[in-house]
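Inspection log for the structure reproduced underneath, given as structure tokens.
Lettered A, B, C and D in written order, each chain numbered from 1.
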Amino acid sequence: MDQQIVNAIFIGSIYALFAVGYTLVFGILDILNLAHSAVFMLGAALTYSLVVNHGQPFAVACILGIAASAFMGLVIEYVCLRPLRRRQAPPIAALISTIGLALVIVAAIEQGTSSSIFSWLWVDGANSVAFPAGTVPNPIWHIGDLTLEASKVAIIPITIALMLVLGYVMRYTQVGRGLRAVAENPRAARLMGLDVDRMISLTLVISSALGGLAGIMFGVALGDISPYIGRDNVEVRGLAVIVLGGMGSIPGAVIGGYLLGVVEVLTLVTLGSGASGGVAFAALFLMLVLRPQGLFGTRLRERI
Amino acid sequence: MKRMRFVCWVAATLVIAACGSSGNTGGGNSANAYAGKTIKFGAILSITGAGGVYGPQSRDGAMLAVKQINASGGINGAMIDLEVQDDASLAATSAQKAQTLIQSSLDLALLGPTLSNSAVAVHPLAESLKTPILAVSTTGIHIVPDCNWTAANPTTTPCKYVFRDSLGEQTAIPDNIKSYAADAHPSTGVLLVAQDDKFSSDGGKIVQDTVGQYNIQLLKTIPFSKAAADLTPYVTEAVQLHPDVIFITSLGGIPAKIMTGARNLGFQGQFLGGNGFNTATVSKQAGAAGKGARSASAWYIGNTFASNQDFVTAYKSEYSKDPDQFAAQGYAGIKILADAAKRANLTFTDLAGDRDKLRAAMETVNIQTPLGPFQFTSTHDVKQTVWIIEMDGAGGFKLDHQIQPS
Amino acid sequence: MDFFFNLFSDPVGFWNSHTLLISQIGINGIIATSMFLVLYSGQLSLAAPGFMAVGAYTSVLMELYWHTPFAVNIAAGTLLAALGGLLVGLPVLRLRGVFLAIATIGFIEALRLGVILNVPITGEGLGLKHAADPLGGVPIILVSLVVTVFLVWRLTKGRLGSAWSAIRQDEIAALSQGINVAQYKMIAFVFSALLAGYGGALEAHLTFIVAPGDEQYGVTRAVQILTFAVLGGSGFVLGPLAGALIVTLLPYIFLQAGPYINVFSGIFLIAVIVFRPQGIVGRGGLAIVRPAWWPRARARAPSPG
Amino acid sequence: MLLRLVDVQRHFGGVRAVDGVSLEVNQGSIQGLIGPNGAGKTTLVNVVTGYARFQGGRAWLESDELTGLPAHRIASLGIARTFQNIRLFKDLTAIENVLIGMHTRRRDDTLAQLATLPLFRSDERSRIKDAYALLESVGLPHSVGTRHAATLPYGDQRRLEIARALALRPRLLILDEPAAGMNPAEKQGMRELIERLNAEGLTILLIDHDMRLVMGVCKRVAVLNFGKKIADGTPDEVSTDAGVIKAYLGTGGDREVTSAPGASGVDEATEVEEAAVTSRAAREPDKAILDVEDLTVSYGAVVAVRGVSFRVAAGEVVALIGANGAGKSTILNTLSGLIRPESGTATFDGLDLANAKASAIVRHGLVQVPEGREILARQTVLENLELATWARRDGAATRKRIEDVMKRFPILGERRALSAGSLSGGEQQMLAIARGLLARPRLLLLDEPSLGLAPQMVDEVFRAIEEIHKEGTTILLVEQNALRALGVADRAYVIETGRILLSGSGDDLLHNPAVRRAYLGG
């Protein structure tokens, strides 16, 4: 049981880390960036192949992986979002264009085999791989009947730290104020001399970098890196998390992440494993019905 | 319903008539009728999508066989033309492509599809279109021998046109459990089964039905969704019951994840699995955690059959990498079809007739393949040596037992 | 591209040898039309796959356990899906835009992972094996498609339709014209559930098994269906139909791309949406599903002064 | 009596938008409802028509109680309304808009449609005939019918909205600022339309800024201010009521206003001549920091600004005055780079405003304090101020400037930690201005700084403006409170429906009757 609590907290951290990038973009652009899961996966995949296929030390690989993810943020903005903003297309259009990009990224990795044009990116095709033992030190501690793996335990402080940093930046720095200004009232922001387009690019860079980092941690801690980890394992749960926490709220995303983690594990323990699959979504559904603005969100009302 | 069936028949007969007329008009019915002709085979494989882990290997194996046969003068002088279609791991697409291969490309026989989900959609189609189809990687229940698709009565009727050269979980898992029970006499087990794909659920069902025979008490069955972000909570559930054996029936990266998780949680017992274990990538991903994990395999790279040695060397020189079970089965698949086609004394004018002749010939196949001396059972399933192998903890496998076909 | 070559060189042969593909296009067309109904009334709902599942499983289960005739099974599945639409609609229809979309995703996945995979009678992960007639389905499906599209098109012409387009354009103004917004949204939602259920029930009889795959009744399918409508344009009933046609044919259109097919499909998707945000068919297309909370600053309306 | 409101209450958060208003509208009358911006007129309408909940009081339409009914029920009971910011079904044609208005009267034809029975076709045809009749009755030509609503000119959109409302066959028609942003001709037309509809027996509740229009057509006029009804009576009674004059025109500071505008009937012809004279008299500076040449701006089909030219010299205070909807704010937004002009040029100290990025414009020293203030409600006062220094970052100096600003506006200093949303309207305006100053403007654009503020707050705001000016900041001021604006302005331009009608020194215009005409419309 207590082991399960540890598990819950750990999963919660992964969810939180993934969802924060997700919710950041929504909070500022009112757009669901469905390419976020693909970036999550790309970060992990790239780091892996840098270590295993290009013989880079893990630290270097991580930095490059995160950098690449951040760059994908720019790609999302310039390819999928900005053209649509220019045409004043509704957010649903952005939904589709980001889905399209996700499709491309996943396909590129999935078809990355030693004989393909993507071999420089990835060679294991649709296979699932893990970092070879030793590339990332992972001592395991047994305390009482508790088992703690370094790679998993590490995620929790990293998550918390990142959230604190992000929270600090958003609240107390000029950039943070700028981002919040763009989120609340782009027009006012423009009048105050903010370059809204640049702020949006920045948002996507930050969000994607976080997504990539989350992917790397996922890959390291779970020993599972495949083209589908983003799409299959975290994307829709990420949605659940940001809705639980309140769309656009960063603390909401963190709390929501841990909440979902705990709820899932508790249902597994009490109601049995079969039910736990659907529980995230039942929670999602109920939350939207009972409290659409989520735990920390603010309700939107239209002026007549 | 009746009317629909009728329409279907009309459609089918129309097509077959069309084929007859548009077919090749030369030659009588002797072996030399083959000379200069082309024998068209089709393959529906999962090159993209989740099945992309297996499909490409099957394709490479099959292509290698075609190359060898054509290089050595073809089938009585007739060249093989293999058309591979990707089904994107989707059942619907799989069926569509199958129909096209059968009715548009007018292939003599088909290989595939890669995944059990797709097979359930494709095989009945081939059956109803009277076209031989040979499964080269599917291991689920109901692939063969049961071609009774009218749900009204639950009796099973053997397929006429559906064959399989891949080892079914119904054989593999029991063999595996049996041999391990004989070796170690385990008393308790827990089953971890991925509940959201047919292959895994089938495996789970077989484990549940088998363990009793070897007085293994199944403490708990823990179904999980492949979409779960982290399996540790499920594994924890299993490990906390301290079973002697953890049965894992799932695909892709999941078995490795479970084994790693369980070992990290201090599980000392044995892992038993099914086909999901039999790829080098899984062994590699599991690493040390996988050491000793056992499964029954249709093929094993070190197996001593001469035909296998040749295959392995040829495959290595062709693709500069090791073949795996799926490559071997794909390779064997073409060899089987070729052998049957050789003996079927095809006319090349009457496609429907040729397809019947081919399926008849297939039932009497008896050749050497990388899988060993190969024959079909009366229900068109594979009759071959089964290899009980275990992961060596370094990305490879080592042989435990060799079970001769009964 | 001999696929399209055959299409013109030998239409009859093509038809006979691609009945499954044609059936699939027909089914997707029906589903797309169901999607059109919700979008036309200004609701971004992704619930279709859930109702398809209801239709499919109901009809198959009746066939397996009660051996009732085909028509009855289909009808029952369809009606039950409509009932489901009513039950799901009651709580969620006050949600707008992306929020409605996410809530409906919650519904379909809860149904698939929570219910179908855990209720023995549905065969859980194994799915349900049942009699089917893959090749004979075409006439029924195509007739259904034509009828569906025609009826929906007629509906959009009537009192219902005018109320829907009013709601879609501006709920506030619609209220001021005495239109009971909640009621008409519900009608559209239930109709669309009914169509989805019908499509699902038919689709189940294209293959010999119904299994709860993600690409069948999950988010993946929901996204595919949304793509039909958005790509084709949801301003006119033929838009989603065109979308369904194109998306279903993508594997054939990009056949030459071999393993890289999805790379091309993705790029194609982005290109279409970027250069024609309102979709391929009709003007105004996408603008109609702009949520009310979409900031004015970004969607600048004429407001002199 | 047709409509009866008793002690209606509605507040948002702390703000008492409607505070115990009772009102009676007699059968067949035209009741006027006036009051300055933010007086609660629209909120009252929203409550009555079911868009906002009653938080007190009740309402009846004849014998039918309206209290607590949903909007669509109230509409079908026979109250039709138009919206302040036009709400047409933009992607539908004009005729489709009107047809939707007939919804409640339209027989349910779903089955007939499905079966495509011909018998309802005649129905359809007659409906369309009616619809065209309605278009004509509001003075829209037949040809408009097939055009998409969004593409119609502004005035026609207003008329179309009325036609759509009439399609309901209402007992009561509520017009929310139907004449906003119309030129005198259009206003005259609107006035005639309203009178004709009334003559046909329709009861109308008319809400508008334009005193002359309201005074002209209404038998009775009620005046709201800060959610309370401060007067109710005949136009004459109301227009001589000192409280009304104060509330509606804002205080003239030292200058006292003798009578409500619109009451004094000036002969139009003479005005125009005078206008010509004054505009010739107006001397533009040769050396300008801001130079606008022949600027034209339009939203889709709606041309908001038509070939405007004006100049502002360094150190000046220049005012743009005119009725709301005249295009003043559009001009400012174009200068700030939020809207791209259709033609014409605007240069600020060498920077081409027509093509520069908004952010670049601010960095160059042209800063706008937008209408409705647009402070960042969710952020604290301090954060709002700190953000305002975005354009120019120089650490310590910034801090200091913020401190200075807080000294000038002590109230902000006290409230620095509160969220800006919690400030009162006046305080928010101060914040907005302070924010503008922190961007170190060389030219400060002030858009309606006194909008919806209590008189004493207005005084404070204008005091601040004068101080800022004394410190040498050039100011371009857009203001409704004409008396005030002209009081502080060196020069002023009078704008009417996107054109500059006349210009001159503040004092000249202040005593020019034509100003009243332009400002209050005709």
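Rule of thumb we're sticking to: a residue touches a chain if its C-beta (ideal position, glycine included) is under 8 Å from a C-beta of that chain, and two chains touch if they have at least 3 such contacts.
Since this is a predicted model, take the numbers as computed values, not measurements.
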item	value
Chains touching both chain A and chain B	C
Separation of chain B from chain D, taking each centre as the mean of its C-alpha atoms, in whole Å	74
Length of the line joining the C-alpha centres of chain A and chain C, rounded to whole Å	29
Distance from chain C to chain B - Cα centre to Cα centre, in angstrom	34
Interchain centroid distance [CA atoms averaged], chain C/chain D, Å	44
Multi-chain contact sites of chain C, meaning residues that touch two or more partners	113, 117, 172, 214, 259, 261-262, 287, 300
Of all residues in chain A, the ones touching two or more other chains	107, 110-111, 185, 187, 232, 236, 274, 277, 304
Residue numbers of chain D (touch at least two other chains)	51, 83
Listing of all chain pairs that touch each other, if any do	A-B, A-C, A-D, B-C, C-D
Parts of chain A lying in touch with chain D, wherever the complex brings them together	174, 177-178, 180-181, 184-185, 187-188, 190-196, 298, 304
Chain A residues within the chain C interface of the complex	30, 32, 79-80, 83-85, 87-93, 95-97, 99-104, 106-108, 110-111, 116-117, 185-187, 232, 235-236, 239-240, 243, 247, 274-275, 277-285, 288-289, 292, 300, 302, 304
Complex interface listing, chain C residues touching chain B	6, 13-14, 16-21, 24, 63-64, 67, 69-70, 113, 117, 124-127, 129-140, 206-209, 211-216, 251, 258-259, 261-262
Complex contacts: residues of chain D adjacent to chain C	49-51, 70-73, 75-76, 80-81, 83, 85, 87-92, 96, 99-101, 103-104, 106-110, 112-114, 116, 150, 154, 164-165, 167-168, 180-181, 299-302, 304, 324-330, 498
In the complex with chain A, residue positions of chain C that touch it	44, 91-92, 95, 97-99, 102-103, 105-115, 117-118, 172, 214, 219, 223, 226-227, 230-231, 259-263, 265-270, 273-274, 277-278, 286-287, 289-295, 297-300
